[in-house]
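Please find the structures below.
Next come two complexes built around subunit A: one with subunit B, the other with subunit C.
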Partner chain A sequence: MSPLLIDSNIPIIASEQIGEAWATVILNEVAKGNCPAFTSVLYCLEILESYWQQEKAFEGRVLYKNFKSLLDDQILPLTVEDFDLSESLFKRTPHLPPRDLIHSAVAIRHQMTDLFSIDGPTYTDIEEVRCVTLNELLRQLKLTGDYIDERN
Partner chain B sequence: MNATDERTFLDPNFMSYLVQQGESFNDVLSQLQKSFPKLCTDVRCLQEVVYRYHLMGDTELGSKRAMEIRQSIEVFPIDQDVLGKMEELMELYPKHPPRELLHSSVMLLQKVRFIICSPESHYHEIEEVNSVSPISKASQRI
Partner chain C sequence: MTEKVYLDSSLGFYGAGNIGYRWAVKVINAVSGRFVHVNTDCFFFLDLMDQHYYQNDFQGINTHFQTFQKILPRVEAVTVADFDQSYLLFKEYPNASPRLLLVGAIMKRLEIRKIVTTFSSGMEKFSFFERTNLMTVLNEMKLSRRVLEK
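Take a look at the complex of A and B:
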């Protein structure tokens, strides 16, 4: 299977505070080496900033460290070239939020096409990337069960 | 202390602060470049500019302004080394906003000692960096 670029919203909804079982299952598959995956420094920062804004800095740091250690050396940097590409994407798709554009730019520049995020519908407007559905991912990982109904 | 002799980091929240006070963005950037010829920033700052304008409903203007900064000054990347340095700072300053620790980490790794920032920011609490808020100059167009 193609490597996934995992959005910060996946560890956030797998966290103790939200506790979506399907997100935990996928991250466990990543930990077991069954699901090749990357994330980016930007996604890692989003975890810290999101929890900071909710005045839950400590919980944010714990989740950030766990997520970062899960993907360890598979964390993509953020460069000025990524920014330039996100600006080009903006000219093509000005209705998309800047967040989606910069994450898509990071994926495209690392030849990654598959994103795993709960923000699926907006990413579909960028032709170079696609958001993998939970159904599809569970099939690829040969997992079935109750998780499908939770998400789809 | 004269910050103009060496590289100086620009947190664009300084520019937002002055624009809110009625200054022109282009004038502020131009005057900053004259006063601080070795101005630099990081790519997350550029993205923050876009995002700030997006929240105000004018992503196109945010994009334009971020690109003006990008084309005018040196822009550093954010990588795993930056995250590592930020984790060190988070231990020292657990209650500090993550974004300021991030930009401070870039500065430390790039050996940039001075940062131009909004007077409303909290960089002055981070011992490892020196904040500069040239507001008095700004009132005379910096």
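Take a look at the complex of A and C:
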């Protein structure tokens, strides 16, 4: 299966505080090596910022550490070339949030087309990437059942 | 002057209006010409884009991005190693924002002590950098205040 770029919202949803089973199941598959996956330093910053804004900075650091460990350090850096590409995407889709353009640019520069995020509709306007749905991902991983029902 | 300095993104959007914008660009131009090493990190652009986006200033994103892209002398990539370093700083400063700790981590990696920033709240409590304001920089460079008014 194609490698995924995993959004920060997936580990946050899988975290103890929210703890949705479908997100945990997907991340377990990543941990087992069944689902090739990456994230980026910008997503890591978003994890830390999200928890810091809730005055739970330490919990954010723990989640970052666990997420990093789970991905076996497959965390992509952010370079000025990513921002150059995001600027090109911005000219085509100025209505999209800058961070989503940067995430897309990171994926494109690393020859990835698939993102996994709960912000799926955002990415439909960028033709080079697509957001895989949970159903699709579960099918690819040969998982079915309760997780799909829970999400839908 | 051979000292390295780090440019904070607050210089990019300081003032947000036309006067503040021209002022910041002039300072960056002046600093870039005088210091041997001037660095920022690529999140400079992220901060800039975020700021304009949340102000619904889409034209501002484009204009500022292109302007700073041309004049910023050295823009560092941000890596996972910087996040790991920022964790060490977090232990010392648990209330600081993740972004600020990341700036500190990048400055440590680049062995930069001095930061040029217009952001002031609480920065003096961090030992990992020495905050310097724009006028101090200009004085050190023996530039008059008029450089800002040209």
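Everything that follows uses one rule, which is that the second predicted complex is superposed on the first by the 152 of 152 C-alpha atoms of A that agree within 3 Å, B and C clash if a C-alpha of one lies under 4 Å from a C-alpha of the other, contacts with A are read in each partner's own complex, and residues count from 1 in each chain.
Note that a contact is a pair of C-beta atoms (placed from the backbone, for glycine too) under 8 Å apart; a residue touches a chain by one contact, two chains touch by 3 or more.
It should be emphasised that the depicted structure is a prediction, and the values quoted were computed from it without experimental measurement.
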Subunit B and subunit C placed together on subunit A: clash or fit? clash
Quiz prompt | Touched partner set for A:94, first subunit B, second subunit C, both or neither | solution = both
(request) With the two complexes superposed on chain A, say which partner A:36 touches: subunit B (first), subunit C (second), both, or neither. (result) neither
Looking at A:75 after the superposition, I want to know if it touches subunit B, subunit C, both of them or none. Which is it: first, second, both, neither?
both
Subunit A residues where the subunit B and subunit C footprints coincide 41-42, 44-45, 48-49, 52, 57-58, 60-61, 65, 68, 73, 75, 77-80, 82-84, 86-87, 90, 94, 97-99, 102
Counting only contacts in the complex, subunit B reaches subunit A at residues 43-44, 46-47, 50-51, 54, 59-60, 62-63, 66-67, 70, 75, 77-80, 82-83, 87, 90, 94-95, 97-99, 102
Interface with subunit A, subunit C side, in the complex: residues 42-43, 45-46, 49-50, 53, 58, 61-62, 65-66, 69, 75, 77-80, 82-83, 87, 90, 94-95, 97-99, 102
Subunit A residues touching subunit B in their complex are 41-42, 44-45, 48-49, 52, 57-58, 60-61, 65, 68, 73, 75, 77-80, 82-84, 86-87, 90, 94, 97-99, 102
Note: in the complex, subunit A contacts subunit C through residues 41-42, 44-45, 48-49, 52, 57-58, 60-61, 64-65, 68, 73, 75, 77-80, 82-84, 86-87, 90-91, 94-95, 97-99, 102
